[in-house]
Each structure stands twice: as structure tokens, then as C-alpha cells.
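Each of the next two complexes has chain A plus one more chain, namely chain B in the first and chain C in the second.
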Partner chain A sequence: MSSHSLDPIFNPRAVAVVGVSSNPNPTGMGSFYNSLLEAGFAETGGLYPVNPKVDEINGARCYPSLMDTPDPVDHVISQVPARFVPELVDQCVRKKVRSIHFFTAGFSETGDARMADIERQMITKLRDAGIRAIGPNCMGLYVPGSRLAFMAGFPMDAGNVFLLSQSGANAGEVVRELTTRGVRFSKVVSYGNGADLRAHDFLDYAAADEESTVVTAYIEGVQEGRKFFEALQRCARVKPVIVLKGGRTASGSQAAHSHTGSLAGSIEIFDAVCRQTGALRAETMEELQDLTVALSTNVHRARGRGVALFAGGGGGFAVLSADAIDRAGLTVPQMPQSAVDEMRAYIPVAGSSVNNPIDAFPPPEHMDDMLRLVATATGMDMVFMSPMVARSRWQNPNNTVKDEQGPVTVEPETESIATIAARQMRQLEDDTETPVIGVMRGGGMARMMGIESDDFFQAAYREGIGAFPSVARAAHTIAQLIEWREYRQGLPEIP
Partner chain B sequence: MNFKSVLKQARSEGRTLLNEVESKQLLAAAGVSVVRTELATTAEQATQLANDIGYPVVLKIVSADISHKSDAGGVKVGLGSDEEIAAAFIEIVANAKKAVPDAAITGIAVQGMAETGTEVIVGMTRDPQFGPVMMFGLGGVLVEVLKDVSFRVLPLTDRDVNQMVNDIKGRVILDGVRGMQPADKTAICDTIMKIARFVGDHPEIEELDLNPLFVYAQGIIAVDARIVVAAA
Partner chain C sequence: MSSHSLDPIFNPRAVAVVGVSSNPNPTGMGSFYNSLLEAGFAETGGLYPVNPKVDEINGARCYPSLMDTPDPVDHVISQVPARFVPELVDQCVRKKVRSIHFFTAGFSETGDARMADIERQMITKLRDAGIRAIGPNCMGLYVPGSRLAFMAGFPMDAGNVFLLSQSGANAGEVVRELTTRGVRFSKVVSYGNGADLRAHDFLDYAAADEESTVVTAYIEGVQEGRKFFEALQRCARVKPVIVLKGGRTASGSQAAHSHTGSLAGSIEIFDAVCRQTGALRAETMEELQDLTVALSTNVHRARGRGVALFAGGGGGFAVLSADAIDRAGLTVPQMPQSAVDEMRAYIPVAGSSVNNPIDAFPPPEHMDDMLRLVATATGMDMVFMSPMVARSRWQNPNNTVKDEQGPVTVEPETESIATIAARQMRQLEDDTETPVIGVMRGGGMARMMGIESDDFFQAAYREGIGAFPSVARAAHTIAQLIEWREYRQGLPEIP
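Up next is the complex of A and B:
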């Protein structure tokens, strides 16, 4: 494992939650003690609630002050009101903690110069004592490998994604949304005001962190632009970095005396920064999530722009999907005549299309052959596939398939359709070396198919198959990756 | 003409905007290809300069108080003889005084004429977070309408410059459409690099526009330039 100066922050031996609520079952934002209990931190490290007004919380001893907790305490979570923070800072110095996370808000983000000044003073004091600070005004850390979590219900299996978010609520949203897509995290940091540790510090950490192979960031105000630029550059040279920049300032300044000045809006400049450093810029939360899925699965292996679309759904769906693929800058190439002829051997002509998009279902026993034909046809760089296609194999009404010897009964499946479909996609990709990308519409269509879309996303992710909630989003994501690869030219290949 | 003396002059006059002659001459000294432009304070001097530069020439009013030179009748193009210069000089000064009666007139710029080429813009501004950024785009009057421009943060690498030139939607125009010869991208990149270095050498420069630059199949030349410096 790499040894980075911030490592201890992500691996504390003991955590004190100071200002813990006396309400035994607090929910929602700021229920750090309960989240850590649920995450199992107390089973591996010391977990000390601190609140002078209560003796115990759910049967566990509650300490009147940080100074009363056992030694060592490596990490402190501050939930005390801002007016108690200076005293807590002094205690942290005496207690020789390594890091403190200020959930406490009410400092520089208020715009109050006095509070900004207090923030600066407390950071100076902490730094002088060698203590690093996260925040104020943020949710802090979610590190499944160290059993740290800032909200309830986060999965405790570790993954490959490092998430950096200025906003705590956005960090929570990205974790929950991406978790339902199957993604798992190595480390998540919400850093709020960034009074001490800032985006560039965490980007440098993420670049070096062997557990993180994809870095996803939500940034509002960039602090110390040059340092941010250089850290982003270092990180994006070695790993895919996805950045969503919130907060668009007006295009250019009113006072500009030049065309250049009036045209240089914050988003235009940030876009240039991403291209220059080799990072990927997401424009929406959906893009951030889709790109994170794509770079953590097989999707980034898609080369070329030709999509074989095998998603069922009927003629109208096929036409609209082909339009969406085209609009994104990918193509839906014509199926070569030889492949069409071969498919026609098992597909009746009427009411079906074996051109591309393929809107035809062969008899179940020929589905595998059909999929292989599609995936290996000339011009098809990837296959977009719906779990609906896989469904026909085992969900025929009589649980039978026709064999040369006549109908045979198929054993009822014990696994979910989603799991089987995902495995079939993996198999197809392994056999043909053509990336297979899952497409699964939610809502009524999913209900009709009897597949929970979240189940499918997660099953696909476990198989290393990227899956998207629409053809348009899948196509747009892949087009973004192609463009990214183009402008990354001249930078080292990401291993 | 060196940067320090121009800066000192501008600041002594309370200006943050360098005039066209100052801007172009500083850029020319930095190795940027610029249409030769000289300042004349008399009609006689203007005639001498025109002969030295070579006819035809353009005359333009130079006054800190007149920003829209054409609107004030302060520009005369395609002047081909000593007689035309003498007449144009008097007319421009009269027009300017009529348009802006209290205008302080620095003089008249005598500028060579460049053959029209593909119009591009190269500029620099300072971003509050990332510092100096360069801009490139299709230039001329359409820049404000089409906003087909790309940016890069300084310092620039060769990769950055090549990419910013190819980032714009109108790159097909540079590549040559309908039998037109492709524009000299090497010259564009070279110019951007020279301007980036110039800006890097002079932190007092706040904003800068070269618009338009004419790009040819071979070569490039800046026809107009504007430099804004920080107040003292």
C-alpha cells in the first residue's frame, strides 16, 4: 500500500464524535455516531460519543469531554455549535489527535468576516500542531475499508471509486445513486469550506491511492486555482478523473475591455482546464454517474462508434433509439448481408427486422447464435443489449424449448432474470471480445418485463458490464469517452 | 519602443488601454507578425510614413477619448497617394473634433494594408481562479455573435496550442472548404505561443486582443490589436 501523508485520516484507530445528539435514534444528516455504529466501526476501533449532558447513548458510555475519552483518539468529528469550536480545537491539540472533521457550520461560508477569521485562526492552530482538518460545513468521510460512514445505509464493501465532493448532500446523493447502479467506493470525502484540506490535496491523495482506479469530483468554488490545476493534471495522467463543476458565473466580466475578457465565462475556462489536464468534464449529475459507471466497467473498452442495437422494444423504439445513437455522434451501421442471411435462417421475415437495430426474436435455442452473429458482424464495435433479449430464453410460457427431438422442459430458474441476463452479456462479451453494454428502461417497461432495473444494473456491474437507464444516455456517455480519448492524446496512456 | 516606457507613458496619462500604435509595436517587437503601424502628428509626417510603408495605406485617429473610430469618421482606407494622405489627414482630424469636441488627439496612425485572409482572433484574459488564459477563435466582427472560441490556461504546451486551434467548431474553415486553401495552422500556433510568452513576460497586462489576424495559406498577420494593462 502506498504511504501518503493523508493515509492516517482514512485509517483512524479511534474516533470521537463530539457533540453527539442526546436523542438515541437521530436520523438524517449529522447522525454520525449511529452511522459509524451501523458501519461497524466500533467492532474494529474505539468509538467514543462525547456529550456532557448524557451519561450513555443506547447503553454505550458517553463521555463528558474529549479529554475524558481513552487514548488514542485519531479522528474527531465535531458536531458542536460553532461557538464551542475554539475550545474543542484546544482539546484536540492536547489530545494529540491526527485529524478533525468539522460538521459544524457557520464559518467562512456565511460571508461573515469575523467567522472567516475564526476559521483561519483555528486552522492555523491545528496545522501548527500537525492536525489536518476536513471542512468546516461538510459530511466528512465514508471509507468502507475502514468502516467509516457519514450516513446510514451505505454499503460496507469497498470498491474502486474515489469520490470528492465539496457538498455533503451531493456526496450522499452520488453514493446512493451510484450504489443502486452497482458502483462501490474506495473513499468518499465531503470537504465543505476546505479551510485546510482542499480539492488539490485530495486529488493528490487519490492519484497515489492504489485502491482507487476512478476519481469522481463535484466542485463548486475552486480554491487556489493553480494548485488545483496541477493536482488535477497529476491525477488525470494516471487515472480517469470525472469533474462536475457547479456554480456558473456570468459569462465574462462586465468590466472586460476585450472580446477575450467578455467571452471567458467560468464554465468555458473550466472546460479548457479539463481538456488541458486530461480530465473528463460532466455537465450534470447524470453525466457524472454515467461516466463513473462507464469507467469502472467494460464501457471504456468500446472502440469505434458502430453500435449494434439488440434491445427489442418494437419498431418505434428501434427508430428512436437509432436516432438517439446518431444524435450522440455514434452510428448504427447496416448489418452486413451475410449476417442478415444467416439470421434469416431462424427468424421469420414478417414483423421483424434483422438489420440494425435488430427488432427480432429468434426461437430461444437460437438466441446464443443470433447474439454471436450480431456481436461479430463487421462494423459493430459494441452491442447495446436489453435484459429483455436474454429473458426470452427461459421465460417462455410453458417453460419449454423446442429441441430437435421435440419440446423439452426447462428447469425453473432460481436466479433472477436480471442476474441471468447480466451473465449472458458477460458470456457474449468474453466469447466475441465485443463490448456488450446493458440498456434497461425503468418504470412501467421494467415492471412489464418483470425485472427491477436496479437489480439489473447491479447484476451487470458485478459482471463488469456497464448498464444505463436509456439508449440515449449510453450513447452519450460513450461519445464523451471517445472525445476524452481524443483530447487525451499526447498524455500518457492510463494503465 | 519598449514595454516599460509604454506602460509608464500610459500610466502617466491615467490610461489602462494602450493605443493601437503602442499595442501593435509592442507585439511586433515580441516577434508577432503585425501590419506595420506608425504614429504621425502632422500630415507631412503621415505622407513620409506612407511612402516608407508603401501605398496603399490606412489612416486612423488615435485618441483615448474615441473608442469607436469608424463611427467618428476617424478611419480612411485605401489611400494611394501623397495628395490623398494630406486630404484624409485633415478630414479625419476635423471629423474627430466634430464627433467628440473635447477629444485629446494623440495623432494619426498610418498603417499598411494587408491582403484579406481568414479572420481569426487570439486573446488573453485573467481568470480569477486560474490566472492568465489564452483564447483562440474565428475572428472579425462575428466573434461576439458566433462565440466560436477555445481557451487554455497558461503556460501552454505544444499539445495545448494544437488542440485549442482544433477545438473550435469552425475548424473546417481553417482546413479549407470548397476548394479554399487550408489556413496556415503552424503560423497560428506559433503566433499564440509568441503572445503567450509576451503575456508571461509582462504580468502588468490584464487583457489582450488581436482581432482580426489574417491567416493565409502561408503566413499570418495581425491587423488590429488592443492591450489593457492593470491600473498603477
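Up next is the complex of A and C:
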């Protein structure tokens, strides 16, 4: 375990939720008390709801003020309106808490000079008392290992990804979306205006945190450029760091100013900082998510640009997939003639292609031969495979006309096709040492064949296989990783 | 009704499926007989399965050969292997059918000169007898009005979109995906190698077909450049035509050659042809689908580039959405100060933005005021709206802290939130004459709020509201339409 001054913040023993909603089943954001209950925090730590207007909440005692809660409380979540915050800050000092998370909004981000002043004063008072603050205007902490969660439904098994995000809604979106892709998190912090703790503090923490092997950040504004640069550099030397800067454009930058009070910085400078520090720049939420999957799985092992594509049925799909791969900056190399000849021994000509992309369903007994042959053919740096290809081991949906034999049907047993497909991809990679990347195809085709996207994504992730919602996204992600590795040259190699 | 020489092909009275599968429940492609049964063709027309090895199929008599089927048969679907095709062609001539669709593959697309010769000979023989051919190597016809379908599960209500596609799998994908978006089709034809009927024939038909108001094409290779150019020009003068060329890149062009035997043409020439004829070029399947939705709904009425964005909660989402709009070539104009002041009378400052993007949930009684104010504010050429905004009419998930009042909750009655949201968008557009565009947001946020994407897409389409899976895709589509309208200047105005 690391030993870092912020450790207690990520691992509090007792939490008070001040200004807890009087609604026992609040929806949307701000349901911190219920989220902590669901996460099981109360089973190992103290959890104290505070609201002077409520005596009881879901059967638990509700305290009239922070001062009335049992000792010790080390972390406070503030849901009170902004005008009650100064009094709460005084109580936190007297209560000797270690940290406070201000969900409360309405401070510097409003552009109101008086509220910005109040924000500064309260942070000064807290710092003087040795209390660190997260926010204001944010969702705070999701730490599965500490049973902390800021929204309902977050998984409570811990993973390897550290996420820092100024925006609470974006943090929630990343968690939910990446959870459906199989990813799990070590620590997530939404820090809003960043009046006290900010990006560089969390980057330093993430760099030191052994549980976190990939760091992902959503940032709207950099508050102390030099400190940010140095912390990003320290972190990016030891683990992959993905950074999405919200407000890259004129319209977005104006929106970011309204949101977290962030000032527009030059996006060229920001991009140069990423490049110099060796961080990986994402431009959209999709890129951030895809890169996080890629760096947590086998995808980052892809070295060259040559893709062998098993399209999974449909020549037109193969054509558009090849276009997408080419457009992303990878290639679909011609299959060597020797490999073509070998495949033609068991794959009929009509309605199939054994060139690359491969659009062919061989007889099940030749499936493994074909996969290995393609994965080891000259020029194929990686294999893209639809789970529908794996399906053909059990059921041969050969599009071509067969008059001598009916389709071979061997039903899979208790596991889903997605699970078996993912394992088959893992085996192919282990056998051939060629990275195998999972790709879903649109059009409901996979579902029609009994394969659910999320099921496949999660099964693939468990096998260490990176999987993507489309060929275009897989190819674009890998091209970004290759470019990243090129500009990292000279920096320490990271896995 | 138009009167066109191809009319009988799209409206056959009796169909024989020759080489029908002996499997009573075939999966995947090639289940033409079952798809026609499901589509109800047998209820109005003659439907005759042909296979010498089968006496009966799903309780119906199966004929040993085409010659044994009752007269007349005007359309034949060939599922026999390529080597039996010459004999089937002779039978078609004797049987005096009007058209034959060759699902059968294994001809010119294989690159085998002998098979290409056979393909030419059979087409010559058919033409001499006045029989038109679709294919080989394709899925043929889906015409809801004539109860024709080439795959199971296609909707049997007719719509306005004519789709021509060399690829059968891509045709199926477009139909399935656009069906979930609410779109319906007039006629769909997958024509594969295009040995006889090809793009220009279908474009001429689509131009004349009154049922079709939007034409969408997936093409891998143009076989007769001049005829294609002229037919595209004729069609694009009278209705919007969207063209996706598969094989735009080196990798894709190689794949297209393997797929439909298409030869690489210069993509620059193809793009210039689109521009000169006034057709709309799509580069990906997503673009093709989004443009089809846009041209079948209110989206094409958007004239300027200024977007008023109701983000539906979450400042970080608003920031990234503004970035996406800007990147696409549209803008997110500042809200005029007078409108800001008016909204601030009923929207609290904390946790909200009434600038643009608008991230604010006013009290329900002010919702309509706010929507109208924004839609008519200076610079707002269109409104982007998440269905979650409509939801706030019933349930106010205000993120800000409220100590005086609980959340206002008024449950909708029997209709889904998505349906009500779509109607509200329609009303806003009718009241303000500003196009309202529906946008979903990722991250499972909408689903968490009880809104399913497909439900919303279909409800929006019924109201004539274009809806998109993301802000980025909506903005990109509209920017493409604006560019298209610019280069169409001088050509006849189409709706």
C-alpha cells in the first residue's frame, strides 16, 4: 500500500451527510446518504445523516447538526445550501474532521465575486485547521474498497482505473459506461471547482497508488499550470494517463466557464503539455472510454498497423470495415498467397473471401486451423474478430448454398456464446502471440445471432481482451496508442 | 402511381423459390421462403417452394422443379448452387417469368474468368427473352406494399425511403437500424454484382416512384459511369439522394473487389459526381442512416448554424456537447442578456446555467416559458433537446439544494415519457417555427430516468422530429445538410 497524505480522504472511517434530503428515496444526483447505505459503508464505518428538520431517515436516527453526531467523524458531505456553508465550515473545524466534500454549488462558478470570496475564505479557514476540501460543486468520491459511492448502482468490486473528473455527471457517465464494458475502478473523484484539492493533487496521489494502474482524467480548466504540468509528468512517467479536456472549442470553453468557473486556456498549450509529459490526449468521451479499455487489456500490446479482420459475415460489412480501418491509419494487408491457397482447401469459393478481410465460415473442424493461419500470416500485427466468428464453431450459418449437407449445429452448453467467444479469442492470442481485439458490429446482427454487446464486452474484459462497439472505434483507438507510443520515445517504457 | 417498366419486378403476383432450404427453420440469410411466408406474400400471391429432394415444407407442397409449379410465375428467387443456374435460366425462359433474383453467388465476383463468362451468357439469354435479373450474389427485394421481404422481422408497413444496396447484409443492417429509428421503407433492393439491373436502373425507378421521397444508396462499384451519372442527376433533381460508396480507401477497395467484383474507381471522381449531381455523400453507415433520418423529418428545415442546446442535466455533458457542436461546424451562440435576465427570474443561480448550453430545470410552471424564450432568442436557428428535459415537466430532478420545498412530482399517465417528450418537441416547433432536434445522451442517463432510446427515436419520428443517438451525430448531420444545400444552389429546390 502507498502511504500518502491523501490516504485518509479515500478511506474515511465515519461520514456525516449534512443537509441530507428529507425524501427517503431521492432520485438523480444528491442521494449521497442512500448511495453510501447501498454501498455498505454503514456496515464497517459510521454513517450519520444530518438534517434539523428530520428525526429519522429510513429507520436510522437523523442528527440535527454535525455537532450532535457521535465522535469521530472524519469526512463530511455537504448538501446544505450555499448560505449555510460558512456555519458548517466552523462546525467542521470544531468537530476536527479531516475532509469535507461540498456537493453544494453556487460559489465561484456562478461568476459572482461575492460568492467567489466566500469560497476563498472557507477554504482558507479549512486549510488553517488542516482540513482538506473536495469541490465545491461536485459529486466527490467513489471508492469501492472503502465502500464509498456517490450514485446508486455502482459496482462494489474494485479495479485498476483511477478516474479524476471536475464534472460529477461526467464521472458518473464514465463509471456507468465503462462498467458495462467490464472495467472496474480503484478510486474515482469528482472535484468540481477545485477550490482546495485539484488535478495535480489527485495526479500525485494516483501516481503513488499501487492499486491504480491506469489514470483517466476529465478536466475543464487547469488552475495552476506549472503544478499541473509537473504532476502530470510525474504520473505519466510511471503509468498511462488519459486526459480529456472539456472546453476545447470556443463554444465548449464558454460552457466550461459557466460550469466550473474554468477559464479558457490555449488548447494548443494543453495539447503540447500532454505530448511533452507523455500523457494520452482524448478529444471525446468515447475516446476517453475506449482508451481506458485499451490500456487495461491486451490492446496496448498491438505494435504494427496491419489488421487481419474476421468480419463475421457480410461482404459489404467487410468493405466498410476495411474503409474504417484504413481511415483510422491502420491497414488491412493482402493475405499471403500461400495462406489463401491453404484456406481454399477447405473453404468454398462462392460467397466467401479468404483474402483480408476474411469473410468465410469454414467447416467447424477447420475453424481453428483457419484462425491460427490468419493470426500468424505475414503482415498481420493483430486480429480483429467479431464474436459471431466464434459462434460458427457451434453453428455454421454459411451463406453459401449447400446441397449435399445441412448446416452443422452443435449448441453451446451452459455458457453464453459471448463468453465462449471471448475465451476462444484469449486462446488464439495465447497460441499465436498476436493480439486479438474484439469488435461488435451494428445493425442488431450480433443480437440476432444471440450475442448481447454488454455480455461480450464483459466476458472479453475478464479474459484481458479489449473489445469495442465498432471496427472504426477499435481501429481509431489503436492508431492513437501507436502514435502515443511514438511520442513517448525517450520516456520510461510503461506496460 | 408511377408507370415504369420495372413496376412488375417490385410487385410480382407469383414467386417461386428454387433451391429452397430443406431446413424448415433456416437461420441467417437465405431463408427467403420463410421470410415471404412471414411477410404474408402467400395470402395474396402464389408462393411456390422448389427443391427436388423435398416433398413438403412447413406443410406446403414443394415442387421438384420450376417447370412443375402452377402458372403463371412472374418472379423467381434462385437459391440453387451456381452450377445449376444455367439449367434454371433455361427453365425461366420456358416458364416465361418476368424477373429472376439470383441469391446464388460464385460468378464474376470470384474473379474466375470462366464464372464471369457464364454470368454474361446467362444474362444475355435472359435479356433476349425479356427477363430482368437482380444479382447474382445478393438478397433481392424488400417491398412492404407487395408483401416481399428477404429477412425475418422486417416491418410490413410501407414508408417513404427507397434503398438500393449492392450488399445484402448492408441492406439488412440499414433496414434493421433505421426501423429502430422509426423510418419505414417504400422499396429496398439488394442487387449484388449487378449483372443486369444495376444502380442507374434503380435510380431511375426511384426518381419516378411517387411512394419514395428519399433515396438512399450503398454502392461498391459503378459499372457504367455515364449512365450512373445521368440517372443520379435525374433522381437528385427531384428528391434527396444519399450515396455511400463502399471501398473509398485502398483497403476497402480491395475488399469490394473480393465482394462484388467491383473495380476501384477514383474516389475523387465519385465525390465530384455527387457534388455535380446534387447528391448527398455519406462516408460511413452511420452517416447514411443519420442523413436518411434527417431528410425524412424536420431536420432538413434547419437553416442557420446556431444551436440552442438543452443538455438535460450535467454541466460537464453540456461542455462536451458544446465542443461536439463546434467541432461539427455549428455554433452554440451566447444567450442574449435579456433572455438570461428573464430566465433568472425563476431559475436559481446555484447549479444551473441559463446561458447556452442551458443546464437548468425551472419550476414546472415556468418550463414552457423557458422553452419558448430560448427557441425564439436571437441567433438560435434550431433547438437541440434531450427527452430528459421534457421529463422535468413531471418530475423535477433539480440538482440544486432546496430547503423550502421538496421535488415536485407529477407522474405521467399512460404514455411513456419518450412519447410525451416527442410531442412536446413537436409543439415547441409548431409554436416557435424553430426546428427542434431530439438528442439522446450516453452513459445510461436517459435509461436511468426511464427513457429508452428506441422508444424515443420512434416517438420522435412519428411526430416528424429528427432524433439522434448523440449531440455529435446530430450536429454533424446538420452541418452536412447545410453544406449540401450550399452546393445544390442552382439546382431545383427540393423540400
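Rule of thumb we're sticking to: the second predicted complex is superposed on the first by the 457 of 495 C-alpha atoms of A that agree within 3 Å, B and C clash if a C-alpha of one lies under 4 Å from a C-alpha of the other, contacts with A are read in each partner's own complex, and residues count from 1 in each chain.
Heads up, the rule we're going with is that a contact is a pair of C-beta atoms (placed from the backbone, for glycine too) under 8 Å apart; a residue touches a chain by one contact, two chains touch by 3 or more.
All figures in this text were calculated on a predicted structure; none of them were measured in a lab.
**Q** I'd like to know which partner A:490 touches here: chain B for first, chain C for second, both or neither.
**A** first
**Q** Please tell me which partner, chain B or chain C, touches more residues of chain A.
**A** More residues of chain A are touched by C.
**Q** With both complexes overlaid on chain A, does A:365 touch chain B (first), chain C (second), both or neither?
**A** neither
**Q** With both complexes overlaid on chain A, does A:276 touch chain B (first), chain C (second), both or neither?
**A** In the superposed model, A:276 contacts chain B only, not chain C.
**Q** Figure out whether A:258 sits in contact with chain B (first) or chain C (second), or with both, or with neither.
**A** It touches chain B and chain C both.
**Q** Of the partners chain B and chain C, which touch A:268 in the superposed model: first, second, both, neither?
**A** Only chain B is touched by A:268; chain C is not.
**Q** Quick one: classify A:229 as touching chain B (first), chain C (second), both or neither.
**A** Once the two structures are laid over each other on A, A:229 reaches chain B alone.
**Q** Looking at A:172 after the superposition, I want to know if it touches chain B, chain C, both of them or none. Which is it: first, second, both, neither?
**A** second
**Q** Per the definitions at the top, what is the overlap between the chain A residues touching chain B and those touching chain C?
**A** Correct list for chain A: 252, 256, 258-260.
**Q** If we count contacts the way the header does, which residues on chain A are in touch with chain B in the complex?
**A** Going through chain A, the ones touching chain B are 221-222, 225-226, 228-229, 252, 256-264, 266, 268-269, 271-273, 275-276, 487, 489-491.
**Q** Under the definition above, what is the set of chain B residues touching chain A in their complex?
**A** By the definition above, chain B touches chain A via 16-17, 121, 123-125, 127-131, 133, 135, 137, 143-144, 147, 149-153, 157, 159-160, 163-164, 167, 206-209, 211, 226, 228.
**Q** So in the complex, which bits of chain C are touching chain A?
**A** On the chain C side, the touching residues are 19, 22-23, 26-30, 53, 79-82, 103-106, 110, 112, 137, 165-174, 176-177, 180, 218, 220, 246-252, 254-256, 258-260, 284-285, 313-327, 331-332, 334, 348-351, 353, 355-357, 359, 395, 397, 399-403, 406-407, 442-445, 448-449, 472.
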